[in-house]
Amino acid sequence: MQRKMLTGKDVAEHNSKDSCWVVIHGKAYDVTEFLPQHPGGQAVILKHAGRDATEAFEPIHPPDILDEYLDRSKHLGEVDMSTVTAEKPFDPDEESRQQRIASRPPLDQCFNLHDFESVARQVVKKGTWAYYSSGADDEITLRENHSAYHKIWFRPRVLVDVEKVDSSTTMLGSKCEVPFYVTATALGKLGHPEGEVVLTRAAGGHGVIQMIPTLASCSFDEIVDARRGDQVLWLQLYVNKDREITKRIVQHAEKRGCKGLFITVDAPQLGRREKDIRTKFDGAASDVLRYNPSAIDRSQGAARAISAFIDPSLSWKDIPFFKSITKMPIVLKGVQRVEDVIAAIEHDIPAVVLSNHGGRQLDTAPSAIEILAEVMPELRRRGLQDRIEVYIDGGVRRATDIIKALCLGAKGVGIGRPFLYAMSAYGEPGVARAMQLLKDEFEVGMRLVGAKSVDELGPEFVDARGIGVHGVPTPADFLSSDVYDRLVLPAFAVKPKL
Amino acid sequence: MQRKMLTGKDVAEHNSKDSCWVVIHGKAYDVTEFLPQHPGGQAVILKHAGRDATEAFEPIHPPDILDEYLDRSKHLGEVDMSTVTAEKPFDPDEESRQQRIASRPPLDQCFNLHDFESVARQVVKKGTWAYYSSGADDEITLRENHSAYHKIWFRPRVLVDVEKVDSSTTMLGSKCEVPFYVTATALGKLGHPEGEVVLTRAAGGHGVIQMIPTLASCSFDEIVDARRGDQVLWLQLYVNKDREITKRIVQHAEKRGCKGLFITVDAPQLGRREKDIRTKFDGAASDVLRYNPSAIDRSQGAARAISAFIDPSLSWKDIPFFKSITKMPIVLKGVQRVEDVIAAIEHDIPAVVLSNHGGRQLDTAPSAIEILAEVMPELRRRGLQDRIEVYIDGGVRRATDIIKALCLGAKGVGIGRPFLYAMSAYGEPGVARAMQLLKDEFEVGMRLVGAKSVDELGPEFVDARGIGVHGVPTPADFLSSDVYDRLVLPAFAVKPKL
Amino acid sequence: MQRKMLTGKDVAEHNSKDSCWVVIHGKAYDVTEFLPQHPGGQAVILKHAGRDATEAFEPIHPPDILDEYLDRSKHLGEVDMSTVTAEKPFDPDEESRQQRIASRPPLDQCFNLHDFESVARQVVKKGTWAYYSSGADDEITLRENHSAYHKIWFRPRVLVDVEKVDSSTTMLGSKCEVPFYVTATALGKLGHPEGEVVLTRAAGGHGVIQMIPTLASCSFDEIVDARRGDQVLWLQLYVNKDREITKRIVQHAEKRGCKGLFITVDAPQLGRREKDIRTKFDGAASDVLRYNPSAIDRSQGAARAISAFIDPSLSWKDIPFFKSITKMPIVLKGVQRVEDVIAAIEHDIPAVVLSNHGGRQLDTAPSAIEILAEVMPELRRRGLQDRIEVYIDGGVRRATDIIKALCLGAKGVGIGRPFLYAMSAYGEPGVARAMQLLKDEFEVGMRLVGAKSVDELGPEFVDARGIGVHGVPTPADFLSSDVYDRLVLPAFAVKPKL
Amino acid sequence: MQRKMLTGKDVAEHNSKDSCWVVIHGKAYDVTEFLPQHPGGQAVILKHAGRDATEAFEPIHPPDILDEYLDRSKHLGEVDMSTVTAEKPFDPDEESRQQRIASRPPLDQCFNLHDFESVARQVVKKGTWAYYSSGADDEITLRENHSAYHKIWFRPRVLVDVEKVDSSTTMLGSKCEVPFYVTATALGKLGHPEGEVVLTRAAGGHGVIQMIPTLASCSFDEIVDARRGDQVLWLQLYVNKDREITKRIVQHAEKRGCKGLFITVDAPQLGRREKDIRTKFDGAASDVLRYNPSAIDRSQGAARAISAFIDPSLSWKDIPFFKSITKMPIVLKGVQRVEDVIAAIEHDIPAVVLSNHGGRQLDTAPSAIEILAEVMPELRRRGLQDRIEVYIDGGVRRATDIIKALCLGAKGVGIGRPFLYAMSAYGEPGVARAMQLLKDEFEVGMRLVGAKSVDELGPEFVDARGIGVHGVPTPADFLSSDVYDRLVLPAFAVKPKL
């Protein structure tokens, strides 16, 4: 049943809307009929019509997607790649990026999670940075997520024997070495050619749980295959309008040993991320980001583009369906107010993640740590605090942030971008070092607040009175401040260079 | 009854206070006697005495003003324009402005209302910018208007079916596609040669209500003529001391189909706008801004200059007069405290606009959104919440701002400068895109807060505890901050260019 | 009884500690015995020993001081000035200052009080600027004085007939055109060669009351002589340890028609003003500032130097003494808490000035407006509000500031530095324009808050809830803010120059 | 019993892990067996194997340490230093530092404690600066320590006789001239070749108590020997796991006349100080900072490295031990919440120091002044205020800070870094001037708040309502602030240079 190998010239003839072939990983595909269904719009495919599209395709599609979504009859077979013209025009931006990669700080100069972000910002492609780092609208929530932790101050306890500190805990019944986990983030191959498996390997080495994203660049099975031993994995789920697809994904994950199902509930529509959108126009970002539905030409209708992925009609009435298809604990990811935590308890949901989706959805939505500080006292008031596990994510950069969350009642803390940045900047060693630094910080922090184990932490260790305060300074009186003559420090006879 | 055509030389002889002729749109006028009555002062007219004044006159006067205010006997007839010397000295500022216009970002790079402002700032004339953008005194209220929205945070609801979102609502009984309207702003021709009709056309295309300003550059009828179909228009009114003029304006508007009469009550005197005033002295602004009474030589008495337009004695006792001359719903625009909302209810006023006049009147007057947050609970406490419709304007830049206002009880939200800026930067397509962006943002925002329609919104969706807090930071301790040595991120071997 | 005229050579022989003569205004004086008593220290005199000291002496001593404090026998008579060598070395700083004076903005470009400060900063001598502008320690109170007004927001009233606004009021029983007065500031000749009389003339022209400072550069009588008609003047008093001197000063002032005696109670010791002190070491400031006792070599003991002027033992027990020597109303200037206002009432004091001495004494002492907001409700609670007039000073830059103070219960508002700056920058026309601008602002402000006269103002016009809040932002997380990639506005193809 | 003098060549042969000799102060030592026990790690010693290590050893070890910790048999005797090759490579950083030292501002230009810090920053070695100035994590607590004082405002009292002000007080029963003391800071020789004795001498001259640090560069006896007369000294103690060592240190201190034992309770593990850690990698810091255990290669385990110094198991159960070995008053240094102050009272502890270790341990731990404001009212509520003396340290830079602490109930205030900086910048005269400036500021401050002596101070002199508020501004809306066009001050025809 062997077919003759195709040539570059064969493919090149199908370079239009009417007949559109593309080459991916050495094989040709006829995507003419698929064009109008492509979630990222057809323009981005047509740009590669009649040519090799592997480089654009690779980072944003799982490898098995063509098998799943494109009818077998459209798989045209192998192409003799020696007949395909390589196209790599000179790109000054890319050249200077390669120079930055070459002059990266050594890994051991990264001492905290900010450091990895700083390196990643300079070594990833412009479009990757825009996709990873961007948030909704004015990115106020994006930044609030971290800065909210600075509204909480410690009340350290002294003269406690803290010679031995135990950082381990359990989440959804699984043991883990530390009370943080790798939360789901999309499109890992934008940052590293191997994608999410890099995170899996580092997490395995550190006893850290990882949540596998629906929108991973790696296939689900590749990620599961990369785990070591009984390493714990969870599944993050965007619910498809076609519940059969959802059912297949969930049951496959359960079969492969996933220990928790995290249903994203804060994304009936993807948020507007202007940094990401604008980047495209600067000419430097590749087309791949068209995959982000929020960037789609609105004349086509954003809702339609998204509908293939995410069901905006998802509601409480769908909970029984999920219970019917899996025995994994069902966790609602993206809950944002106490009323909905209570509703979750009423629906016998064993856990929620308080989250605003990393500040990528609704701007001026509150930080998870603030919601937590509102939720837990109310649960305690109602005697519900043991009915549900509460997780949070967003903005965590220091182990002290984690300790604060645990004090306020979180069972565990999800960390997303920082590990992506560590991966993008230094690969697996980067992620491993990021995890080790957090562990070290955590141990120091526990000793200094005066707690030997995670379960000793409680609200009496923190002063969280300021968490609900959103101060916006009164606009400056520039005439007054400009005319003010600042005090100065004593001058050196010769101005020193600092 | 034909008169001989005048020549440039004829006109040029009347170039002094004693006999002052000017040419406007090819016709000569004798304004000698009118000089002392000119609201903008006589100096600005005398500058054009004996010459063609069209370019200065055009953007700030409605075309029918000469017919209305200058006695027929002073209309001297047509001028043979070939005999009038054109005067256009080289202006380097204008040349560089034309270059900026030519290198404007493409319209589709504007993704939010700030973007239009940014482009407009660079492409309009200096004087236009100063007039449009300026606020009272230190412009604290001007900026507070927007930043106050950041004191309000969302409490989003999840797991609600938001597949279909309906953005439509009614205002003063009229249906509209979205809960925002184009509020009145003066002198549209300063930003665009066609003036306010540009806004009318864009609003018509988007189902948005427009409020027609008393001080429009276009004549009232030009604007009304530009509407499409049953497009809803309102009239904004500065009350004239001569109530007959006011009566004529109001009744004409009603006859032409206006659906609401918005009486400005926050401007018994125009505020001091220093950016506007100072611009004149920089030499770049044209004389036209003399029209702004606050810029008038005070030795002449500002009150006198204004009195032709606005009656500073306007008070509650005048309400019956307005009721007697029109059946349009009467709305008080510029109410700023709850006591006056209650007074409006007592006077059977069907609606108010909480507004500080875009920060152009009294500095450190509170933002409308703050007043709203004070007003609605008090109305509810008194059971008056259904007795009056409450609108607000000022500082709205994001659809999330609108959603916050609706949650707090506003019936609709007025937007002024952003549409002026979109018009000044890109004309009608600019305004249309600004409206479309707001609609898109609004739909996303509704989905993400978890509401399907405008009437579902309510106070439980927001945390507005911070709205009344006006934090002014304690003055900085510069010695301490200057001597502090900031932490740094890891250095690259070769400093990267960012 | 004529003495032979002295020559420069005669004087030059007495150029040491053992015999020290100086020439002032063409006359020689033997100050050898006076040296140790000089409040500014003897070093500064010795620098001019045997030479003409007029230029250094002039701006900081009243002209009659030699007659008052130096025994007649030490007055050596006239000097033939043609025999005295003029010494004026080239001073590049002074030359560039003269250039700045020449290129000053025209007076009519000053539109608010900040503008005068900005010009003054650049045209006065370095030492003058340091002396006038400096405050205590970190100058936190200095700046808080103005910024505290931004914690108070208006609650404007609309639909009030404000055609006629009356700005006049009475203070200590005297009529005045406006509710502000010129408060006492020292050493006017540092800013203008004619000194305080410049202020007197401008105040006379505007119906503004002036408070004459103890430490004026002009003599008391010069100032009184400069008044026009029944212009109201007050006397500010530093209480001398020698009560006879104090008695003489007070009774002379009463005789010359002063209408109020303002006893400074916030300066038992002069504050530390580092900007002032440091300037000396930069070499540019003249010796004259040695007059500021806080700058005195501490090895000599600051207390001793000051003791000649100010009595640190002044206390409530001294009040009867003042009542015994004058019938002028006695006002305590520098009261800083409600307990002391009540004590004043108990001592039958008719008025106090809440003041922190322009931020020049105790750093982090509260602003007068904050003290006022604490004082008046407490007085009302005790039914004492009519027992005393309360004035405030410090930080007033806008008429809205004055209106806020009046709303909160102040009878009048003192303004010091702004008039000094206007005088230093433009002389009497500057001060007159500053006063006119304030009057204009005041009238606009009254109309816009909705009040026709000063007595209509009250607490219901302002929201002062924030006045007692002293927010100090949590120290910034620089790693986090440095790594954040700000959103940007759309770029022009060619970067425009702004 | 004389041994032949060793030569450089003899020593040089022992330059490896297997046999490691070093020369210190002209004597050779065999440290081969000691290598694995060196708290700073063995790498730093091996760098000097076979060579003269004096310069690296000197600043961070007390001179008697070799006698105490290295067995006599490893003392190899004197080395003929003429045979040892000096190694001093050219160091451009050091050269420019020497230039800065030469161009230092004269001491009399330092007018406050910030000034000394500013000079020290530029004249000490990079590694010294990093070690002295660094704080934990993001250094938020480090800066909060000072800025917290700006949340407290004065309520000054006027008309009090303050001619004579008495600054003296007692601490732990000892008289002292002022209510501040020199608190313990490590490694004084990093800043000055003579180390801590410089502080001792200056303190002796000013009647200021000094607390001797466990980790001093000088030996304990050197410091005690430097005192004058009955100068009061205290001992700061890091508790050793080996209680015998601790007992020896404590009893020796008591024998030498120490008047208080301050046990550090906030350092079961040293904090993470990234500025310090990062400096090493920049290549400029010397190895000496390896001594800081937080910088140790974590693969070796930080806990192990520290265990030689500090016992992380120290707890309340150890208190009786300390009482059993000394009669000195026992003070707990580093208490951070009211519960632990009460526990101290229950353990009959006569005093505590509220402290966060200069912001070097747990980031976002509160400032001592904030803890004080929480502690004292609670003690008063329980009637315990006289059962314990409460001291605070951290962030004090102004005498007004001290006065605020005393008003809130502190018995005395510790100052550490500022005196280190004064010492590093100017030696003993620097420290003496720093103390004198504080005394002067204190006297002025007392007069201006209206208090004659320390015991008159109380809570009624301050407004501390803001002390518990930790405001974190809402993230900025950069689009909005970038597009805003600031008001400007009037322009000069020729731009002046400022």
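Letters are used for the chains, namely A, B, C and D, taken in the order the chains are written, and counting of residues starts over at 1 for each.
Throughout what follows, contacts are C-beta pairs under 8 Å (C-beta built on N, C-alpha and C of every residue); 3 or more make two chains touch, one makes a residue touch a chain.
Remember, predicted model here, so these are calculated numbers, not experimental data.
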item	value
Chain D against chain C, contact positions shared by both copies (same if over half, else different)	different
Pair sharing more residue contacts (C-beta pairs) when B-C is set against B-D	B-C
Chain B and chain C: spacing of chain centres that average the CA atoms, whole Å	43
Chain B and chain D: spacing of chain centres that average the CA atoms, whole Å	60
Residues of chain D engaged with two or more neighbouring chains	109, 111-112, 114-115, 118, 121, 138-140, 143, 147, 150-151, 274, 278, 469-474, 477-480, 482-483, 487-491
Of chain A, residues touching chain B in the complex	96, 99-100, 103-105, 109-111, 114-115, 118-119, 121-122, 137-138, 140, 265-266, 268-269, 271-272, 274, 277-278, 281, 298, 302, 311-316, 318, 332, 334-337, 339-340, 343, 361-366, 468-475, 477-480, 486-489
Chain C-touching residues of chain D, taken from the complex the two chains share	106, 108-109, 111-112, 138-140, 142-144, 147-163, 398, 400, 436, 440-441, 443-445, 447-449, 463, 465-466, 469-473, 478-479, 482-483, 489-494, 496-498
Residues of chain D touching chain B in the complex	112, 114-115, 117-118, 121, 129, 133, 138-139, 143, 146-147, 150-151, 274-275, 278, 282, 397, 471, 474, 477, 479-480, 482-485, 487-488, 490-491
